[in-house]
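By written order: A, B, C, D and E. Residues from 1 in each chain.
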Amino acid sequence: MVIVLVLQILFVTLLSCLVGLFLIGLSRKMTARIHWRYGPPLSQPFIDIVKWFSQTAVSHGKLFDAGMIFSLTGSVVVVLFLPFGGICPLRGSGGLLVILYLMLIAPLGIALSAGEAANPYASIGVSRKLQLAFGYELSLLMILLSLMTYYRTVSIVDIVEAQIQSGWSLVQLPLVVSGLAYLLIMPAIMGIRPFEMIQAPQEISSGPMAEYGGKFLAFATLQHALNIYIGLSLFVNLFLGGGSNAGYFLIKLLLAFMVFQVIHAVWPRFRIEQAVRCLWRWPALLAFIGLIIVWVTTS
Amino acid sequence: MKLEILLAVVFGGSLLTYLLGKISKRARDILAILVLLAATAGIASLYGRSSTAILCTGFLDFPLVLRIHPFAWIFALTIAVVGLCAVIFSWHYIRKKGRTDFFYFMMLLVISSMIGIVLSGDFLSFYIFWEIMSWSTFLLISYNREEAIAAGMKYIVMSVAGSLVMLVGMISLYTQTGTLVFEGITRNLNSASSGYLQFILILFFVAFGIKNAIWPLHVWLPPAHSEAPSPFSSVLSGILIKIGTFGFILLIYGIVQVQVFVNLGHALFNVRNLLLLLGAVTILLPTFIALLQDDAKRLLAWSTVAQAGYMILGIAYGTSESLSGGTLHFFNHALFKSLLFMVVGAVEFRTNGVRDLNSLGGLIKKMPVTFAAGLIGVCGLIGVPLTNGFVSKWLIYHTLIVNHSPFLAFVALLGTWGTILYSYKLIHHIFLGQLPRKYEQLNAAPVSMKVPMIFLSLAVVVFGVLPGLPLHVINLSEIGFGMEPLAINMWGVVTGSGTIQMLNIATALTLGGIVLWLFFRMGRKNTRADQLDNYAAGAPVPADRYQYSVKFYDPLTSMIAPYLKDTADNFYSALARGIRNVGNGIRRIYTGDVGNYVMYIILFLAILIFIQLYWKVW
Amino acid sequence: MDRNNIGKWFKSPGNMGQKYSLHALYFCTGCGIIEIPPTITTRWDAERFGVIPVATPRQANLFLITGYVSVKTLRYIIRSYEQMPEPKYTVGFGSCPINGGMYWDSYNTIKHLDKYIPVDGWIAGCMPRPEAVFVAVTHLWTLIDKGMATGYLKYREHYTKYRRNQEKVLGKLEWPPLFSIEEENEKSREKVAV
Amino acid sequence: MNFLSEYTYYIGAFSLIIIGLYIILVKKNLMKVIIGFSIFDTGIYLFLIAVGYLREGTAPVFSKPGLDAGKMVDPVPQALVLTAIVIGVAVLALAVILAIKIYAHYGTLNLRKIKEQRW
Amino acid sequence: MVNPVLFIVVPLGLAFAIPLLKYISKKIIRFVPALAFLFNLIFALRLIPVVMDHQVHVQIGGFIPPLGINLVAGPVGMLFVVLIALVGFLVSIYAFHPIKEKDEDRYHILYMLQLTGATGVVLTGDIFNLFVFFEILCLASYSLVAYLGNRAGIESAVKYLIQGSLGSGLILIGIGLLYGQFGTLNMADIAGRIHSVQSISVYVPLVLFITGFGVEAALFPLNAWLPDAHSSAPSTISAVLSGIAIEVGLYAVLRVVFTLFGITHMMGLFLLLGVLTLLIGELCAFSQDNIKRMLAFSSIGQIGLLVFAFSLASTLGIAGGFFQLISHTLGKALLFLAAGYMIAHTGSMEIASFQGMGKRMPFTSLAFTIGAFSMVGLPPFMGFPGKFMILKAALHDGQMLTLILLVFILIATVIEGAYFFRVVQVLYFAGEDLPDRERAPVAFSRFVPMFLFTGLIIVLGIYPSLITDLLDASALELLDRPDFIKSIIP
């Protein structure tokens, strides 16, 4: 039993890292093809990771290291709470609310680490990250609440199972508005364009990452990869019915990702206040309507 | 320990401390700590006990009754422990200031009267201790002079107003039921009409709401918390405002039974919904106002207001899970908020009173223990898993979601995200970023400050991993209120619709952290860089001019700031001005001209006679 | 390209990683920067070689000095170079960093960049075309393969000399030395060139 | 006319009281106000006397046999008036002394100008 | 048991002995008032258990009422006698240290006359004697207000005199009217027959009495003299004026309203009047910068509260009113003494000039603070049981008007709290922190009365049951009118 659990954990963690990195590579490739370029190989993120690990790195203090580890730990643990096509290692430990809270750890860790770096670009980046998070959380919370209210549970596994019984949430009438809202905030959750102002290399020298080199950058990239995976996985699990097995789940993940990738490739960046305003206007409105619909229909 | 002896120890101890201070300062400090240690031990020894004792048989023909039960026990213990930490913290902190005997006396008096409040078994002794707490708090808030005077004024005026309203409610209960002892009131209140009950509840809600800083009644809190001396701020924020929470629980669950409370009045417009609405507003507005603050203690003060909203939400919702959440949040908030005020106090102490976030920075290098404590406190405040704030907030959210109140849950969750923003601002501005040159010679916090901070940080983490410990006591008190207790174990809570299991989360996070740390060690060893060895577009970093924390969330705050006027505060200020103007106008009737005065006398006579002629009153 | 040679990856992951993931810091000192946008965008697409621009020296391992180096910019170049993590490679782009180029007699221009920081490769020309960059990159690959792109080691070894040269031009530097400085170092300076 | 002759003293008394009150109310000069008080008091004394007065009554002393107690003037009001006059004189004296002091301090007796103590 | 006449005779005799004693020693006269009132205090306290049992009557000259002049020492009377003796004794200790270099003997004579007048007012059972003693009280008060001889004192005294003697004149008219109808001056006698005549003819004397005594009792439109007189008198006299004189005026009103006329159906009017007085007093005090004026206006407010409490006309209300009355007497006397001592130290009556007093005069500041807390009604001080009892009575009353007025009382109390706490803050926290050595030495004669007042306030605040029996008996005396009449005129 324990061995199965350990195996599950290892499998999910590694696979999600791989998937995340693969998605980053895919993203670069897709962007290049849309730009009429040849583009890097799909393995480029892995090459980068290997390179970073072979480099020296400069640390600004204990918290600079610890924050980074803390951040990646947070992301890895979130992954353990998400069903991966029927596999969910920590299913009985708190459900969506715990996931929401664990999702805090990653940005908090990076923020602490970047703060210790004492670099103004990093601070600006962190500030933007927190503000952007605040922007999309408004909608995300309402969306998740409408789901939890609809299914009367806080457990994500239960929600997935309920969808297997009754079909995808996205196509069920009370939840479709929420689903649309989720689609709108998805790029912000994954940190891709048009909500890429956190890093904005041309503007604030890649923001929180400004002082990261070597293995720190490797960790940050892994964290970013996991972040993309988590955002997509939440969407797939909550609205696209999860997956009965890992393969099916991954296909859904991939398809969902490619939709957003197209947007990423062609869109410019918002300024932070434009982004927040945009996020607070349309997705929030939709999510609010969705929540009201769910509340009315279920009470 | 007998309850009377306990009270005698704390009250007598506080007086003795004052007198001893005239002889020896050091002995006074030790005595103060010993008194609270004795109180802590005494309260701890009362665990699980339920008993009553008569303090005095006839005060205006009312008996003064003391009683202990699990619910009072957890409050009393928290008060004693946080009070103890604050007093230890004062050891160095207060040394620089004048009037130290007075400070210790009032500090112990506040703590003693709070213990008195939670142990009181009837409304009269409750009120007496309540008022002693009010005025001693007033004196302590004003202790720092200058701006503190206005803060103290705001506090005491609101406090007096609140307690008068409570007095009216209490006497009204007496006329209705013929007794002031809690059990007697509960017994005799069954026959009361629902309109009367709502009237009473609203009266008491005003009184408790002022102490607990519910939204339109919160205005005293931010200035008071920020201007009080820091050890007292931690008492103020950690436990004093929770006395309001205590009152709420006592009233709703102990006196008016919760079944009665939930079903009271109109389906939509009733006191419960009013309280829930105010709780939601209390979470939402102060959270965002805290974002705008640049004063560390004021930021924490607004955060306290916001957190009080969670407790109100939990208490007013009226399920056993929500009550557990609210009470647990009280307990947790007492720990982490007093911890945070101590952290800010330590920084303030070392930097000679700098609280302005924009002029601090980089202190992690100088005060690492303080930083760690601050980080843990902030994590608790946000509710990062493995710290105690998480479980209590989870309970509140869960009960709101499962019982079909998504909008309240939304407000509560959104408040948490606002909390992240201002918490990070606090930590970042004080401890992270560039260390200004003037602070390069800064010392770490003295031991007397580190000890309580470390203790409280440990408590925050321990109760975060083992929420079963406080929840067990809360369950006992819920049984005392005649409610269904929660299904708990040492590591978490089991409900039909979602479980929380801190064991798994803790293991996952710890193991994950260790594995990733090992993985991190696999990479090439890194070198340490100075804060000036930093990327600045290739240029060398100009020392002391590389500050960047001003207007940290400006894009966001400039958007929301116009909607965040503290209208309640403006209203009260206008009211005070209005009363002053009316007073100034009215006293013009004393013109100084004796002819007018004679005219008043004759007019009075004439009016009295006119009354008789017109209405025939005789 | 031996990018897909698994065996080699296992034999020397460090070298392979450095080769195929050259994250470049373009130092826009002069006119040379005009050739960089076509290099990294659609027309020539440097990304297929794994070369992408990055924002800060902390993330870079390839330093491209694109154009003449004035005394003023030298300070920034040194600072950025010292902040890059090791191993790091420097490539001088155009004639000016090599010998001053058309500014050979300017009082204000650095004539020989390799006096101040080690340079692993030069791209001659005024201007060199983007293809020349790729030539330099592939050349750098071979150097890395052979273990000859060791400018950063030289910098470490002869830091005293470099620092003296730098201070001769720039005066006292604001930042502390990166490595320890020997008091008396009579070793003759070695030419470091491709 | 019967009415007038019946109530002459009362009419006189209340006239004096009203006049006194009028002076106290209207006059600015402190001395005049004191005089007004004097008149006011006199009115009251007259009123008290009138209360006890009996037309064609005798002194309330049984000086010779055969006097009807019912025909005697009531002695109590007279005693009251005596006391009241004593008190009145004391007040009057105090008032005058104070008036002197006022004049020493303010140089005026105009009550409309002595307004330092107000609101 | 002691004859109640002595409570009047002893101080009166000693007062007139002062000019003689002056020739023996100039110092000795300082102790005469203290002696007299200590005597009163001790014997009055010993008389109280007797009075609780039955009323004590004294017929002057052996004539039985209604013909003779009589003294009635009931619970109410003795309560006031004790109070007057207590305050008189403590305040006279304060005057061991002379108020003014010259004319010390006059001060003591007038002081004793004033308090003797007050004692007489509360003990007499005869309406005309009430008037006479009242005049003694008033005359002494006028003179004492002018005692300092400065501009403010003289001006206030003149205004006080004009208003006060107008009031006295009205009382005298009222007495005349009553006598004309009933042919008697004994209060019990009049009370027994008051309902036998036409209503308007007793209404006019009632109104005249209320107005006349109301001037001294500082009811709302009649109280214009009070702030001036209280603020310009010497502090000891302010303490007595505020602690005794207006209470005695109130006593006279109570006697008239409850005993003499036995009114039951005009109480709504008095409730309104009380709350109006309260509100206006507190509002005016709120915006004062002069501490003695502030305290004076606060006295007006307190009188309003007392009027409200008594107008509830229930045992609870009157007992509560008496408790609040005692608390106000002790508290306000303490406040005036403490403020006076601080004024003597700083030479200014501005509140702002009391900065740093907490360091310089720690005990005085503490006494002031405790007095202020007691005034606001904070436990464990004496104001709390008083407020508690009044609120209890008001809520017990339960009429709509009372409940509405209750709201205003609460507002007024909050305002009162605001200005008292402001002073406390100035004492302790305003301005710069002073070093310890600037402490002023505390004079014994100043310390003792303040200490005793403080102690009494705390003790009675913690053990209000010490006096509640007496208060209940007093309330009963006022309310149980037939019993009162029967006990005097069998």
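Keep this in mind: a contact is a pair of C-beta atoms (placed from the backbone, for glycine too) under 8 Å apart; a residue touches a chain by one contact, two chains touch by 3 or more.
Everything numeric here is computed off the predicted structure, so don't read it as measured data.
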Set of chains adjacent to subunit A and to subunit E = B
Per-chain CA centroid nearest to the all-protein CA mean | B
Taking each chain's centre as the mean of its CA atoms, which one is farthest from the centre of subunit D?
-> C
Quick one: point me to the chain whose Cα centre is farthest from that of subunit E.
-> C
Distance from subunit C to subunit B - Cα centre to Cα centre, in angstrom = 59
Chain centres from averaged Cα atoms put subunit B and subunit D apart, in whole Å, by 69
Per the C-alpha centroid definition, the whole-Å distance linking subunit C and subunit D comes out as 118
Between subunit B and subunit E, the Cα-mean centres are separated in Å by 43
By residue number and range, which residues of subunit E touch two or more other chains?
-> 158-159, 162, 166, 227, 284
In subunit D, residues with contacts to at least two other chains = 24, 33, 114, 116-119
Shared-interface residues of subunit B (touching two or more other chains) are 533, 535, 537, 587, 589-590, 594, 598
Which two-chain combinations qualify as touching?
-> A-B, A-C, B-C, B-D, B-E, D-E
What part of subunit B is in contact with subunit E in the complex they form?
-> 58-61, 97-99, 127-128, 131-132, 134-135, 138-139, 142-145, 148-149, 152-153, 156-157, 160-161, 164-165, 167-168, 171-172, 174-175, 576, 579-580, 582-584, 586-587, 589-590, 594, 596-598, 600-601, 603-605, 608-609, 611-612, 616-618
Any idea which subunit C residues touch subunit A in the complex?
-> 3, 9, 13-14, 16-18, 20-21, 23, 41-42, 45, 47-48, 50, 52-56, 58-59, 61, 83-87
Subunit D contacts subunit B in the complex at 21, 24-26, 28, 33, 111-112, 114-119
Subunit B partner contacts - residues on subunit C that touch it in the complex = 27, 56-58, 75-77, 79-80, 83, 173-176
Contacting residues of subunit B [partner subunit D, same complex] | 587-595, 598-599, 602
